[in-house]
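Both of the next two complexes hold chain A, though its partner changes from chain B to chain C.
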Partner chain A sequence: MVIDFLLTVLIISSIGAALALVLVLCEKYVVNYGPCKVTINNERELDIQGGSPLLTVLRDEKIFIPSACGGRGTCGVCKCIIKTGGGPVLPTETPFLTKEEQAADVRLSCQVKVRNDIDIEIPEELFNIREYETVCTEIEELTYDMRRFRFELKEPPMIKFTAGQFIQLLCPKYKGSSEEVYRAYSIASDPQQNNFIDLIIRLVPNGICTTWCFDYLKEGDAVKLNGPYGDFRLSDSDAPMIFVAGGSGMAPFVSILSEMQNTNSTRRARYFFGGNTTKDLCMAEEMKAFEDVLEGFEFIPVVATPEEGSNWTGEVGLVTEAVQRAYPDLSGYEGYLCGSPGMIDAAAKVFTGLGMSEDKIYYDKFA
Partner chain B sequence: MNSFGYEIWLAMVTCFAAVFTQNILLTTFLGMCPFTSVSREVKTAAGLGGAVVFVMTCTTAINYWAYKLLIYLDLEFFRFILFIIIIAAFVQFVEMVIDRYSPKLYQSLGIFLPLITVNCAILGASLFMVIREYHFIQTIGYGFGAGLGWMLAILAMAGIRTRLNESRVPEGLRGPGITLIIAGLMALAFIGFTGVLS
Partner chain C sequence: MKQSPRDRKLEEVLRSTKLVAGGFMGTDTRHPIEIIEQDVIELGRLGLTAGQVAERMAQLTELAKPRLGNWIDHATLKLRIKSEDYKGTLVCPWPHPGRFEKRITTVEHAETGKQISWTDLNIHMIAEHGFFEGKGAFFRLEPTEIVNILFEDLT
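Presenting the complex of A and B:
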């Protein structure tokens, strides 16, 4: 009886084990792509192990292709030209590629796995993107869910960036995430201060990286950043400007305003900052300081629903409504937007409705 | 007719029966979960249906020999566990192979393959094969037919549901409610096939 019982267990486990063995062998032989060669711009060659997405392969080789979503295939930023060896365009890529791009062999580097030798082309300036070893030196509470983090650069000790650009932060493995992830944040410091970087981060409920920054990151911790990326920046014209951003969308504007201060700009600019309640407002003193120095600048906080007893005397309602109240006609103006895709689309619609031309609207969408 | 020819003929009849008179979805109501949730668009329904046809044909064939082994070892009562393990392992294997040799198919089908592991119609087909004591060739015919029948049903449902988008369904019935009513009506319609094979 006992022997029967044990024998049964043994037989069933050995069948299970045999199947598992088959799968392991398959993984070893079927999924193994062997060594592959990546040729970049016909000049550089990398010998790597096949099987990983191109974006990761290049990142491991310290070549950083911009990506706002960290390789999940949701932002469509990490485009590059794959001349040969990329295989057919995948259904996960098509929403982000126009017909012309597909004809020109443009692909999303996070979706293309390196399975054989491939030949790619990337813009030269991407070689200037570096990885920075930094130390977090200061964490400042801005509101109940927003903090400003200062990272002092150690290696390399200096960074050159344009106001409005973003960097990627490497969030290490921790209790809330079993793998390393990269997330993009706009730089919120003066481009002339090239030995540190400020980031303004808003806590996203259950967000992998923001949770790490808020609950695990302490002053004195080492953090890896790479960048700078992005083409969100001030135009070269003299046209008056409207900035719209709420929450951590403020980050690139702090940098842009610092840059305007450095160049003694007298360009007219109005910054509409939106919050749900007065608790969402922050950095009022810094904005006041910019108003004092920059003669063309005005900061207008807008609160959607002020709490009772808050004595709020400023603008009430949605940011877009405040813009509509202040400007019946926006033709000749330039619009700068930073925030979630929903907010940007809504604001851009209002701007064009008020006569702003579409190519004068610049934006930085959070992915 | 020689015996091999007869086997083939039997397999074809079984296949036909599995598609129409004994449709696994509409007569035994197996695999209802993906049937109600993945039938919103014809394209995705076709993808899932195709994957089911393939996996069902292969797993019933493999499980036929696995069951023979169990009979030899006197362990028939373990068939549920063994069938499930084999289905899961097979799906894993297929996923790896498709990823390697057809990344495009993998991307469009990849999401559905793991879903199939927990599709009870797949396990159901293997169990019916045991209960109905099919021979090997007949088993292949049955597995293929059952998968095809399931695909036919989900395709029909997806077609009907795309039409439904434009019609005025009472609010309380929208979604799964109307889907189940339609499934019932389709099942009634399929009863009409019962007399075809006697």
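Presenting the complex of A and C:
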């Protein structure tokens, strides 16, 4: 009796699994969705072959939707409105979509496959995003796990971006990754220097793209970038600002401070940069140099645990603790954050605890 | 070992480099089910379950998180711990929704200096699937090593 029952369960499970496998194989090798039409903003029409994710379809047409994970469905950044033809919202999308967004037909373009004609809406500014053929011309060690990479633009030869924005780097297939992937990095160069882009990248242990950048990418190699993306930028107000960063979170502030210098900004700003030890600090002299040209600017490096014998005389503790020591009240201030998600969350909590309005705290966790 | 289509698909995902650089299997030629079974047996021999190991790992990660990547000494165990997080998430290779912050916890034994590291995804894979990754994988955790470092209070 028990054996019969188990045998029945086994047979039914096997049939179910076999059918699922057949469906997957058919989807991959047999099903032909034929030509499909993608209508964008009721204006532009693309005739494409169905079957691929919308993000890929648009990328092939040189329309770049921002995505920090390269289409794996793990960042939730590549949102767009699919008015018709997108099918039901998938379980892989729901963690990233609010009820309001779902009601407004917002979808993740990496998860929606184009299987029929669809009608989508994307922000007009995305049409200005370009793909850039570049050459890596310089790799500079900043710390034991951070490097600055310079990419000289070849085609097109110039880029226009706003300080604080990010770009996507195409990591090619290599021993550690059988697929091309895109990853987002903040631009770390002066917007006026429009013929190259600097990126500051911190090695993520076993990270697909950072491992390639550190172990495989060499000066002289061709690299594809696309962008610029993102809304992380200085506001138009005159409010005094607190910048807080750690690690590769340094990147957008290099760009922002360069832009402040270009525009002779006198806006008050204090930049707290945190490291675990003195070995984690980088570009301190470059940042200090901004104090000479920006009237209202001060750079404050903070070390959590100075090594014995390091002779560190600066601020000690977590970067958030240094902010708390410096300010009893941050109402009226604006906060700009870039770094690890944990640091951003902790700093935002400190800011609001000191009276900073939540809508005056700017950050881009994926930049 | 005969595998079901589902197990074959799982092995394919674990060996692929789609989710993490180099995949989850390293140079291990065993089937994932064999790896899981043998690690569970080894843990049992050491007097622990995968659930207990994952629970201890999660406790240590939680302890270190507020220090934002800086070392913290454990109050009772001879351990120091740090937990660093990075942008992005790691996805569980098993066929269910599961995304984990890209966080790496490192534990160092204060006397021996031996270190082990894991991600939040490792904690999940050990707790829910009993999977410690294949030998040679970047985040492979040897049951004996974990027990020696994290469970000195029990040995």
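The rule we apply is simple: the second predicted complex is superposed on the first by the 334 of 367 C-alpha atoms of A that agree within 3 Å, B and C clash if a C-alpha of one lies under 4 Å from a C-alpha of the other, contacts with A are read in each partner's own complex, and residues count from 1 in each chain.
Convention: a contact is a pair of C-beta atoms (placed from the backbone, for glycine too) under 8 Å apart; a residue touches a chain by one contact, two chains touch by 3 or more.
Predicted model, so just to flag it, every value in this text is computed and none were measured.
Engineer: Kindly classify A:113 by the partners it touches after superposition: chain B alone (first), chain C alone (second), both, or neither?
Structural biologist: first
Engineer: Report for A:341: first if it touches chain B alone, second if chain C alone, otherwise both or neither.
Structural biologist: After superposing on A, A:341 lies in contact with chain C but is clear of chain B.
Engineer: Counting only touches as set out at the top, which of chain B and chain C does A:177 meet: first, second, both, neither?
Structural biologist: second
Engineer: Where does A:207 make contact in the superposed view: on chain B (first), on chain C (second), on both, or on neither?
Structural biologist: In the superposition, A:207 touches chain C alone.
Engineer: For the overlaid complexes, name the partner, chain B or chain C, with more touching residues on chain A.
Structural biologist: Between chain B and chain C, the winner on chain A residue contacts is C.
Engineer: After lining up the shared chain so the two structures overlap, which partner does A:14 touch, if you call chain B first and chain C second: first, second, both or neither?
Structural biologist: In the superposition, A:14 contacts chain C only.
Engineer: Of the partners chain B and chain C, which touch A:91 in the superposed model: first, second, both, neither?
Structural biologist: A:91: touches chain B and chain C.
Engineer: With both complexes superposed on chain A, which partner does A:282 reach: first (chain B), second (chain C), both or neither?
Structural biologist: Neither partner.
Engineer: Could you tell me which stretches of chain A are touched by chain B in one complex and by chain C in the other?
Structural biologist: 20, 91-92
Engineer: What part of chain A is in contact with chain C in the complex they form?
Structural biologist: 13-14, 17-18, 20-21, 68-69, 72-75, 91-92, 95, 175-179, 184, 202, 204-208, 211, 246, 274, 276, 304-305, 318-320, 340-343, 346, 365-366
Engineer: Looking at the complex, which residues from chain B come into contact with chain A?
Structural biologist: The contact residues of chain B facing chain A are 73, 75, 78, 81-82, 85-86, 89, 92-93, 96-97, 99-100, 103-104, 107-108.
Engineer: Report the residues of chain C in contact with chain A in the complex, numbered from low to high.
Structural biologist: 4-6, 9, 16-22, 65-71, 82, 84-91, 97, 99, 101-104, 117, 138-139
Engineer: What does chain A use to touch chain B in their complex?
Structural biologist: 8, 11-12, 15-16, 19-20, 22-23, 26-27, 30-31, 87-88, 90-92, 113, 115
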